[in-house]
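What follows is one structure encoded as structure tokens, with my remarks underneath.
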């Protein structure tokens, strides 16, 4: 038009951000996390995680159940590594109570929890491949080894997943010799199996494409958010409580803690878990050789189990990081306050930072790689 | 069946309901009514019972056992049920694997209502049967039958994978005894609003309001129940 | 050894199902295309003749309509069973004998399932989408029929002089259905899935088409029957091995194996160099304008050209398979329905019969791209054993024995041996490709959308152009199929 | 259930520990509490919390740069906000408590404690959780909303005086299970 001297510079095509609601029911949110993603095309600009869809009031239960009852409950805090949750609370209660744990019990604890670390990582490996889209085939292989370990767990603790094996003051049951020899057989086979996984996964070009350079976690950022476990070790922070704050019989055992020398990406987090499985296998082997004879519990496992008054914090290195338990006891048969410090809860808080400016397909790759268990987040 | 527990007071208006279109086959069967039912029932039941596709719905510990049952050692695929569908529209059954909390309840109701008929529910694990170990927690629904009808109760914490297979076989038996026309008549009433409009394009600050909306949904069935009392 | 037993069971299942599928199609075609017209021909009236002709014309359509649903059901079953074997499981084995009817149960169940149109969806488009997705796989398959049945007269009707164009055009329609379904569902996962599908189809159509154009260039024809015919006579003539570039070798070997005295004499008079020369040297000489004394030079160039052609067609086959995988949304290119990202992608909101159609069409598409590959690259219904070797091994005797055994059936036109053998070979070829796709599904993770685009535009398209150019030049030096 | 922790045996008031001394040197007053299982425990006034945390985190010799957890405790007569501090690089440990007397809390309001979330991301979700469950309001928090329960939940479940909601979903009284 003749009167229009100015040129309209505003873009003609208006683009808009799209909000997409992922979860609480979504095949890749590992349960019931809900993510509200703001997408620009396929690029994630903002993430709002909404938790608590599995909030089962574990801490409230801790105040309302006796110690003996609560021991059975806490396996459900982190169902993939129940040994560690039991152990964290047992350690905290032992620290407060001041009771001695027999050495045999300590060795058994280390053994079963390292087994549990392997099962946890194996399940992670399977589900992670599902997250990356290998829906059939590979995800089934880690489960094969996992089932073998679960059979061993079942034999020693009576349950496949909810063990209730590590108790305040010791462990529940003495393993039979046959069990130990079965475990030995497993430890001998296992490295070959890990080689097999690595052959399928680590050299798979599509897997490498999907994971390398994706979701880089800067060391400082990770420390700011209090990330622990393999996720931060893959980014070069040497924090493994088994070495940095040694507990139990770990100082007597020989094993490496693999630590990266640069900021880790998704692939590093994968490869460090694989390495950790190998180390755990070594630890089990050593424990089998060094297992002493003796008592297995320093405290009588009775319904009226009491913990002396006091407060204390103790932590163990779970497959996901520092799993801590803060106990305030008033000397009665139940806790005054139990606070869980869950690695998944803290690790998940970094998710919005990691997802920023990644395409939507990487949401799964990154979210899977930090290995979050939802009941561990929501309790 | 605990359908009585689901309140009708907050029924969804018709315009928000999904439309159900019948295939011509179904129209024919419906027109013939009970006459054709004895003929159709065996075919439909045999087909339905042998291809129960579960929804990938898992909240906690039981979900891991549900995964195990699909894996090599237990192999649910023998019974034709390894087709875990991610979307409720294509599934036949929900295995409520894991605790259902108050926050999760509206999502589960929505999922159940998104399943096309005929739909079945296996309440897996102590938590979904009665609330289980978390029975008296302030945030846990004391049994999933308080919000959706349940066909099979499968106790255990968590149940062994063999238990899931057993529950599946029991469900198959149950399906085989159904009558086609009876099943058609037994319609579940829609209660939850399906479309929680999270993404109306509002800015992120408004998410607060949206979350409040979701919360209201979570608690609404309860409030209305109290009012009725 | 249990695994061996499982594989054996899988084999039995496959053969049984093939018998069911082909029995059904065969009988339907026979009744409509042969038996009824024969009966009608006894009435001498215009009406009867017209009806007979109409019935004959309808046979191809009928055969496809009978074939596709049963075949898709079988493919789903074989995929489930094969994946189960890869993962040390048993797979569906409860319904019917050893689980043979599992997918039939699924199909019937989906038929009886509630059919939901979600609130806010565009009901018309929502219903149309599965049809648009499925219909092309029916009519797109038509021109292939003549090529895979050894040019049986009944199926000549649906043959087109530009058949491959028609097939390609038809195979690009389903993406419209996906986009329609994704858009009409009123679901963001569906929408993203539909858009991804469009982007993916556009990118991967190009290498797919270019690889087929390469073959058309070698064949000098767009007619699938023509292309299939050219490749007859054994594996050395197939397009995957240079598109006829090895015909010289084939001919020389045929001479060697034929026991007639004349040919032996002819052969003994030739040096190996002359054997090669006999098939290529003249066009090469003409192209290079070489004089008679420089024959060895020409031979070297010809050999290089043959090797280039073989490599190029082989790569073209790989390109075609990659593009086809992307075209039909198979892993690792299943982004439109990426289960761990987009729940179920474009078909998230589909239930009941509409979902069944999507499901059916997906597997039918897989079958069709595999048959295109079989016809264009693997010689269609041709026996891979070269004719001279077959003759030496007693092929004609075997054929005559079979002919005698089948004689009563041939008399009533129920069996046409060439068609029968062609169909068997095609099925073997197609199902080995299908099995390969299943194997890939059990192995690979999924690409990311940007990597997919990257792979498509920066790797596959340049590669396919290079292959195309190589073929354009190399075919000048060699006697390929063109003009034969 | 509402018993308070049994009174500790009166300990000899020791001098300030490593971290207490460090803070004292920088002019922040702390009170030393009895060690909890060998870990130095100090009480600090809410007003100085942020400054103290910045000092402890930034100093090269103490370097308590790992905030393990923030817990809330509904004690007999105070609301405690408990901070577990560790270090990524050395073995120092410290527990800091900020106590708000119940008598100081205005009726119908929540106890106030300054938030660390602005400069320490690890505190963000822990504070939200403590707010949700124990009902301590961290002022200055960028996004202080309930994290585990639904957003308009009534009450704070880990308080001693919490009355459980009874309705159709959850009608068995607490304790009926046992």
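By letter and in written order, the chains are A, B, C and D; residue numbering begins at 1 in each of them.
Please note the rule applied: a contact is a pair of C-beta atoms (placed from the backbone, for glycine too) under 8 Å apart; a residue touches a chain by one contact, two chains touch by 3 or more.
Source: prediction; values computed, not measured.
Taking A-C and B-C together, the pair of chains sharing more C-beta contacts is B-C. With centres defined as mean CA coordinates, chain C is found 48 Å away from chain A. Between the CA-based centres of chain B and chain C the separation comes to 42 Å, rounded to the whole angstrom. Between the Cα centres of chain A and chain D there is a gap of 25 Å. In terms of their C-alpha centroids, the spacing between chain A and chain B amounts to 30 Å. Shown for chain C are the residues that touch two or more other chains, namely 87-89, 188, 339, 343. Multi-chain contact residues, meaning those touching two or more other chains, occur in chain D at positions 148-150, 157, 174-175. Chain contacts: chain B has residues 71-72, 86, 103, 136, 138-140, 199, 211 touching two or more partner chains.
Taken as a graph of touching chains, this assembly has some other topology, since it is neither a line, a ring, a star nor fully connected. Going by the touch rule set out above, the chain pairs that meet are A-B, A-C, A-D, B-C, B-D. Of all residues in chain B, only 5, 7, 102-103, 105, 131, 135-136, 138-142, 146-147, 208, 211-212, 214-216, 218-219, 221-222, 225-226 touch chain D in the complex they form.
Residue ranges of chain A in contact with chain D, taken from their complex: 51-52, 55, 57, 59-60, 63-65, 69, 95-96, 223-226, 237, 239, 244-245, 309-315, 322, 324, 326, 328-332, 334, 336-337, 339, 341, 345-346, 348-350, 378-379. Of all the residues in chain D, the ones that touch chain A in their complex are 1, 3-6, 8, 36-37, 39, 65-69, 71, 73-74, 82, 84, 88, 91, 95, 120-122, 124-126, 129, 133, 146-150, 157-158, 174-175, 178. Within the complex formed with chain B, the residues of chain D that make contact are 145, 148-153, 157, 162, 164-165, 167-177. Contact residues on chain C toward chain A in their complex (touch as defined above): 83, 86-89, 188-189, 192, 331-332, 334-335, 338-341, 343, 441-451.
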